[in-house]
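What follows is a short report on a single structure.
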């Protein structure tokens, strides 16, 4: 069986760091900061957009590729962080989704902004 | 062929939102904010740790599960964001890694904190 | 002459840290993470709000005080960070505003979202 | 009595926005994103530094001015945000510090990283 795309990406990001001898900088603490820095760049792309403009951002020939590139950066650091911590990213997300499903039952949560705003976002 | 784990997770997160009628809140702009909020919670777990403590965080019976749960939240919002934008997360990361490989050649970048610090992080 | 309100706040935050022997945790790196964590909590308050709801947030008896408290936290860490670095916060902002004034002349920048979005935000 | 430095800065930032007709973009939601984006740039300056390097950052002829400029940006958006919300930044911080003083008594909190890590940062 061939490795999953996410396993391949993880190995590739690790090799990238090892070849450049960058493991010394890649503590979980530093990688979390780098992840946050990239998310900050993503925020900057969306900050002045209306909700409607943000929904159409991928049709913009200039903004679309920039958003995609920032998301690529975010994923690279998230993958590198989980590899360093020994966490399975997909499993961690699925486990959290299990928990959120118990916490936000369909009936109680339907269409409720107040619910979301008050109790904190769906998956937190 | 069965769907990849990441495709399954994407479908599951989407169903979670649709069942609760939360698509109305899930503009790319709002989801980017939610992603950033979760990354902020992850930062909070690491902020007072030494580099060494951060490297050992998963052995801590209290901090380890918390870090894993926060990473699950980050992934859920990242997946939901890319699903909303129609971006393939793995492809976006691989493309960015191609670009980073051209930009940070192994010889020039090896072990150089200055290089990283100045030119900005490996993958940005 | 009595100290300015900002000088008083700086001294008070410093005393708070010293009394608890927390200077050891307050490296600029750690304080920047703490600042970012608090800004993440502020983002979480706004993430699902429409632009109109966000403009009226202070009239909400529940959200208003929460937003004010988060902003208080952000300011505390920003003050502590600048105190640690020996930076005058007001001067740093004024200098940056001087630079922004030269960069975004009134005529070129008036009412232009594209200008802001493309060249990055007013003050960056 | 002359206005305080912080009142002068607030007025100046407001005039800067008004002259460029940028109030339309300056909802509290958007300004919070812009604030977070600037904090992300600040994180990026510190992410690969050791604790010691971060403590000496202002002596670095290249990094020092960059850190100061990023902090200036953070303050500009924080000031603009509070002006838009009608919040007194200094008062909000002082009130939060009052609360933190009750929560983290000197005796219980002294020198305790665990205390800080567990209960969340001093001022949150």
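For clarity, chains are labelled A, B, C and D in written order, and residue numbers in each chain start from 1.
Definition applied: contacts are C-beta pairs under 8 Å (C-beta built on N, C-alpha and C of every residue); 3 or more make two chains touch, one makes a residue touch a chain.
Remember, predicted model here, so these are calculated numbers, not experimental data.
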item: Interface residue identity across copies subunit B, subunit C - same or different by half; value: same
item: Subunit B and subunit D: spacing of chain centres that average the CA atoms, whole Å; value: 25
item: Rounded Å distance, subunit A centre to subunit B centre (Cα mean); value: 3
item: Residue list for subunit B, restricted to those that touch at least two other chains; value: 25, 30, 32-34, 36-41, 43-49, 51, 113, 116, 121, 124
item: Chain contact graph, described as a line, ring, star, complete graph or other shape; value: complete
item: Contact set on subunit B toward subunit C in their complex; value: 25, 30, 33-34, 36-41, 43-44, 46-48
item: Subunit A - residues contacting subunit C, complex; value: 29, 32-33, 36, 44, 47-51, 62-63, 113, 116-118, 120-121, 124
item: Subunit B residues touching subunit A - in the complex, by the definition given at the top; value: 4-6, 9, 12-13, 16-17, 19-22, 24-25, 27-30, 32-43, 45-46, 49, 51, 54-55, 57-58, 67-69, 71-79, 81-82, 84-87, 89-90, 92-97, 99-101, 104, 106, 109-111, 113, 116, 121-124
